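Heads up, the next two complexes both have chain A, just with different partners, chain B and then chain C.
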Partner chain A sequence: MTKHLEILKVVSRKDRLELIRDYRMVVLIILILMLALASIVNSYERLGRYSVDRAIATQQERQSWLSQGDRDPHSAAHFAQWTFRPLVPTSMLDPFAIDYAGTAIWLEAHARNPAAVRPVESRASSLDVGQLSIGWILQALGPVLAFLLGSGVISKEKQNGTLRLMIANGIVPQAVFIAKLQSLFFTIVLIVSPIFIVGLIAVFNVPTDFTLDSAIRFSLWVLFHVAWLGLAVCLAVAVSALTGTQARSVMILLSIWAIAVLLIPRAISGTAEVLYPTPSGAQFWAQVRSDINNGINNSGDRKQREEALERALFAKYNVASRDELPISFRGAVLDANERFGNTVFEKHYLALEDIYSQQRSLMRFGGLFTPFISLQNISAALAGSDNHHLNHFNAQAETERQRVVNALNRDLVLHSVGKSNYTADENLWASFEVFEPVNMPVIEAVRGIVIDVIIMFTWLCIVIFILVRAKTRLSNEFGQ
Partner chain B sequence: MNNLPRPVLEAIGLTKSFDGEKVLDDLHLRVGEGEIVCLLGANGAGKTTTINLFLGFLTPCSGEAKVLGLSVRDELNKTRALLGYVAEIVALYPSLTGRENFNFFHSLSGAAPLDEFELSELLSKLDFPLDALNKPVAQYSKGMRQKIGLAIAIAKKAKAILLDEPLSGLDPKAANDLVHVLKTVSAGGVALLISSHDIFRAKQLANRVVIMAAGRLKAEIEISSMSASELEELYLKHIAATH
Partner chain C sequence: MIQLLRFDLLQLFRERLALQIFFVGLIIVTIAVSTGASLRSKLKKEHLTIQSSAESYKRQQKELWRNAPQLELKDAIILPTQLVTTVQVPLPVLVDFAVGWSLIEPSSTDITLRTRPDNLFTRYQIENPERLSRGALDLTFVIVVVAPLLLIVLGYGIFCRDRDSGVAKILLSQAGTPLKLITARSINRVLIVFIPIVSGALFLWLSDPNERGISVFNWLFVSFLSLLFWWSIILTVNTLRLSADTALVLLIGIWVVFVILAPSIIFAANSLVNSSESKFSTIALARAAEIKATRTHEDEHPELSRLTLEGRQSLVQKGIEIRSAIAQALESVEEQEQKRVKQQLVFENSLAYISPPMLVYNHLVSIASSDKQYYRAQQIALKNYAISLNSALSKLSLGQKVVDELAFNTLPSFTPSPKPLQPLLPLLWLVVITIFLCSIALIRFKNIKPL
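Up next is the complex of A and B:
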């Protein structure tokens, strides 16, 4: 063990000396670090601004809700209000879905609105070159760094004859192999550790609550990214040992990178869109409007539904006219329409979610072709920015919308009997507490990525198997 | 017979084939303590194969290579620990200095570290310019690289050093210097097995010359018994017979 540690120390020191004297690698490392640090600063600033804006906007929304004055409760339901998604501090690490999915929902009567306020809409340029988050930098550029640094760890030594001299000098090939593997892994971790440290400082200081949940999320996020870099290191060393020249190693490793990081994810996402097409916004809302106006599957238009409601109420209260009803007929219609609307929205949103779910399943299946997809899923889930978290917020917002609208309609039904101009006052508005959506707990987020974790672990096993084969072959090459 | 030096390197019927073609055929060879034996032959004669078999980079098809009586096949790590190796172009890290290269390979050998005085003394013995020690190896000549390679082998306290074509490509002065250095090393009791094309340097350097052609040992000559021109004549005769 001591001898192995001594070899590791000697090999690591030599490799680091070579690295710091190779200005191309030094420039590459500095560029990646600068990019990562810039993205952390940018995400920190964005999340900080969002948190402040959210607090101010929530307060303003509450104020304007309370001060809307006396008005018809149904009109108040239309008056509506924005509700803002709470973001976990770790979302700055990988804000993937947030930019596209939105951060706020307009809660109003008769309409279940999708999340809006999407940062992508605020971009100055229409040329989207991909999001520069530290998640993306570690996921996509981390392997490039590992591949460029690792391509020559054994192949270059073989090519130049230094490996032969090392082995002739008494060190066994397996020891060189293991020392090279560990040395490269520690070097990569050393290079990226400033990213993790600055990331932790930023996550800890962002003006949202840093809780135990956030700490667990951050730790797991770092752990999986270190595992990802470890996987890249294992692959780099295996390929380097299996090839005779550094040029060939680089070519093979960069080809693997392009296929795994660029080609397959895009091919699978394109296939998902073709197999399970998402309706356009216009199509979606046209279908919703059609069902609301004509009934689900043309089961009856508004007028027919109103007539059916009238018959049901007359029968229930044993009356013959609307004026004889003990409740407000208008309120009952609004309430019924609201409930019917909820059923329609439920149907269409479920169908839409079903499409998204099928697309996501296919994407998840893509992890079998590249662990990059699995890592992205894991990263977004731990960062709290994936669709699972969005749906969690959407569900809470929808429950709240229905609760508020139903309560307002109920007030109308009960209090506007015989009053054509019934209005409620601030006592009613104040009876609704401030809606405070909560974030999904980390345990639930982890439950959602079990398959991705298994796939990533399987990939790690496959790469370790290749690594062991490469080690055996290297030993055989040198007569052992 | 009792005056013969203790054998450090022994080849006993060493045979090696690649794809059915014999590149070394039943080689018997012995190099004793403090002896310099030169393997002389054209390209493809089997000189480098012999060195690789002693280093354990190749496994013989039959026969055995031994180092101080230990079988290379059975005791590879132990025999490698007893050997030094200097390639034709000594493989060093160009961006590292001579000192850093020396320290790296010396540390890997597991030998006790050398202090500044011991290193200077060793390199001075090898005629290595000490002021170049802290310069990157990329700036070194072939001869300087070989001296660093030799220093690594000597510092490791190798019992035998295998040198593959160390003299080729050196200018006459550098070659002469290296001959002188190798004789000094040998005088310390180290067995040297050297492959070469150069008949005259072999005559100048070795105690014995082994002429090889097409994988076979053609002649083994005590160098003191023959002049350079006789050696050349014999060498050419064997080469011609092979072709």
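Up next is the complex of A and C:
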């Protein structure tokens, strides 16, 4: 044990020395650290600005809603309210899909609008090789760093003949192997530690509340990224041991990186669209309009539905004309149409979510070819920037929309009987408290990524297996 | 020379690396081509479906408008208020070569009398955000990101390896200068990477050749120029007194900086320097204007029944006043936004000069018409069209013009904005630096002294 520690110390000292002397690596490390700092400043500034804008807009929206004056409740349901998506503090670590997802929903009568105002619309470029965030740096550039630092740890020793010298001095190849592995892992952890620390400080200091939920999210996020870097380190050492020259191991490792990080995620994403195409906005709304006008599966148009409602109301209240009804017929029609519309919207949005979920399943299947996809899913779920979090917000917004519109229609049904110019006032508007959507709890977010965690764990096992094989081969190569 | 080319090719394939690179390139191009082809076919199909249903709706409406003179005026003026006009922007000419903004930007919308120009596209953003955030693998991505990597693997040791192994000494003492050999090697290696790309591009073109020949040719020309740029860097690095290992690490470093880091940093800096006004505050501004205009109208006009002509016209007038008040309130915000987008584009295009791959990318998406400028121009054209159409429909529903077939036929029609011109300066810059780097490499190769 003491001898092993001694070897580790010597190897670590030698590797550190070589690293410091290698100006290319020093420049690369400084560049990555500066980039991480810049990214966190950028994300912090963006999230801070977003939170402030959101708070102001929510307040102004409330003001607008209350100050709309006396008006027909249905007119108020059309004026409606906007709701703005709250972001989890950890989303600054990995914005993932946030830029492509809407951040505000208009809770209008007769229409379930999709979330609008996507940050990507304010962008000029479409060359998207990755958003500058610490998540992207650790996920995409972390392995590059590990591969460049690790490509030569054994192959270079073999190439220069120093490994043979070490073995001739009584050191067993296995000990060198383990020492190199540990040394590289600690070096990488040492390099990325400042990134995690700066990330933690930033997450703690965002204008939104830092809760236990955020703390758990952050801890798990760090844990999975350390595992990811560990995976990259193991792979680098294994390839370095299996190849004869550093150039060859650099080439193999970077090919793996390009395929795993750049190509497969994009290829799978394209395949998902080919196999499960998303309808265009125009197609989606044309189908919604058709169902609303002609009924679901042509079950009856608006007029027929109105006539059926009239018959039902006449029978219920035992009357023969609309004027005799104890409730407002107009209100009842609006209410019925709204509820029918909700059924139509539910049908079409469920179909759309089904397409999303099929696409997600296929993309998750891509995790079998590269652990990068699984890590992206895990990271985005913990950061609160995936589709699940968006759907959680959308579902709450829809519930609120239905609640408010139904209540306004109910007011019309009950209070506008015999009054053609009935208006409600601020008392009714104020009876709806400020809608404040809540974020998805971490436990629910974790539940959505169990499969990704299993896939990533499997990858870790595969790489460890390759590592063990490489160690055995190295021992055999040197006749130990 | 031909003999040299044949000899080098033979040696390349004997090493198997070239063959591997060729097949890797072919596989990646095949994936990119299939993605592009299916996207184009999907968008084209959607385009045609929307067009055909819009035309059939138009025919129905025309019939209704033809009979409008027989209706009571209070019923006839409802027709313009109910008219839904579906418009779509033309499909980008090479969307299968460069996906660009085609999946992000909405390309069609419905316009009615109630449509607010600032809200034209809010309902049309239903693409899967997670899928969009993973990006697309198209031929342009292959040219900008993948092809340079393949070239680096093929070329990092084009001369360095000879120097490492000592072959360079024999070579120089026999031939004096390695120029001919380097030229032969260069031609073979660039072709190994370019042939799969050309094949992919030709396949896409031939599968839908309609008026795309010039654009495809332009696209291939810029792509080839991009490969030459990378090859000139590889040659220059090979002239330095570096080992093959160091040359590889250096080239990979250059690739990481140019392709991965520079675009991300430029994008982040751009969004920081030219940050947009909060869209939330724009919403609040529009809402405040809406309330004010509604109250003003209600204060000045008595509530009328919607079943009378006056009531219906009053409702149309109210809508006009509200939309006009909102447009007025948002005028300065819209102006600022236009200015900001312009500044963003200028900022990015200026900084792209330090990242030639970004320059190439911008040029390729611009040739494909799937760039931001194209969609921006089309959206402005759509907004202007919505304003002119609404104005015509308003006149009809206010009774200022007769609602009939003639009025229907003379409604304004949408003319898409012409394709923005591609700036030549970035291309010239690319040519200049490629020639400059190639010249340096050639001079240095020529001056290598046989030891």
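Convention: the second predicted complex is superposed on the first by the 473 of 480 C-alpha atoms of A that agree within 3 Å, B and C clash if a C-alpha of one lies under 4 Å from a C-alpha of the other, contacts with A are read in each partner's own complex, and residues count from 1 in each chain.
Keep in mind that, in the parts below, a residue touches a chain if its C-beta (ideal position, glycine included) is under 8 Å from a C-beta of that chain, and two chains touch if they have at least 3 such contacts.
Because the structure is a prediction, the values reported are computed rather than measured.
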Notebook entry, point to check: So if we stack both complexes on chain A, do chain B and chain C clash, or do they fit?
Noted result: fit
Notebook entry, point to check: After superposition on the shared chain, which partner residues are touched by A:172: those of chain B (first), chain C (second), both, or neither?
Noted result: first
Next item on the list: Go through the superposed model and pick first if A:21 touches only chain B, second if only chain C, both, or neither.
Entry: first
Check: Which partner does A:45 contact after superposing on A: first (chain B), second (chain C), both, neither?
Finding: second
Notebook entry, point to check: Looking at chain A, does chain C or chain B touch more of its residues?
Noted result: C
Next item on the list: In the overlay, answer first, second, both or neither for which of chain B and chain C A:286 touches.
Entry: second
Margin query: Per the contact definition in the header, classify A:161: touching chain B only (first), chain C only (second), both, or neither.
Written below: first
Check: So, A:446: does it touch chain B (first), chain C (second), both, or neither?
Finding: neither
Notebook entry, point to check: In the superposed arrangement, does A:478 touch chain B (first), chain C (second), both or neither?
Noted result: first
Margin query: Students often get this wrong, so check: with C-alpha centres, what angle lies at chain A between chain B and chain C, to the nearest 10 degrees?
Written below: 90
Check: Given the touch rule stated above, what does A:6 touch, chain B (first), chain C (second), both, or neither?
Finding: first
Item checked: Minimum C-alpha separation between chain B and chain C after superposing on chain A, in Å -> 14
Next item on the list: For chain A, give the residues common to its interface with chain B and its interface with chain C.
Entry: none
Margin query: Looking at the complex, which residues from chain A come into contact with chain C?
Written below: 24, 28, 31, 35, 38-39, 42, 45-46, 49, 53-54, 56-57, 60-61, 64, 67-69, 71, 79, 82, 84, 96-104, 106, 111, 113-118, 120-132, 136, 140-141, 144, 148, 245-247, 250-251, 254-255, 258, 262-263, 265-274, 277-286, 352, 355-356, 359-360, 363, 376, 380, 386-387, 390, 420-421
Checklist line | chain A - residues contacting chain B, complex | finding: 3, 6-7, 10-11, 13-14, 17-18, 21-22, 160-162, 164-172, 478-480
Check: Which of the residues in chain B come into contact with chain A in the complex?
Finding: 55-59, 76-77, 80-81, 83-85, 87, 89-93, 95-96, 100, 104-105, 107-110, 149, 152, 156
Next item on the list: Name, in rising order, each residue of chain C that touches chain A in their complex.
Entry: 28, 31, 34-35, 38-39, 42, 46, 49-50, 53, 86, 88, 100-101, 104, 106-110, 121-137, 141, 144-146, 149, 153, 156-157, 244-246, 248-250, 252-253, 256, 259-261, 263-268, 270-272, 275-276, 278-281, 283-284, 287-288, 290-291, 294-295, 298, 303, 305, 341, 344-345, 347-348, 357-358, 361-362, 365, 370-372
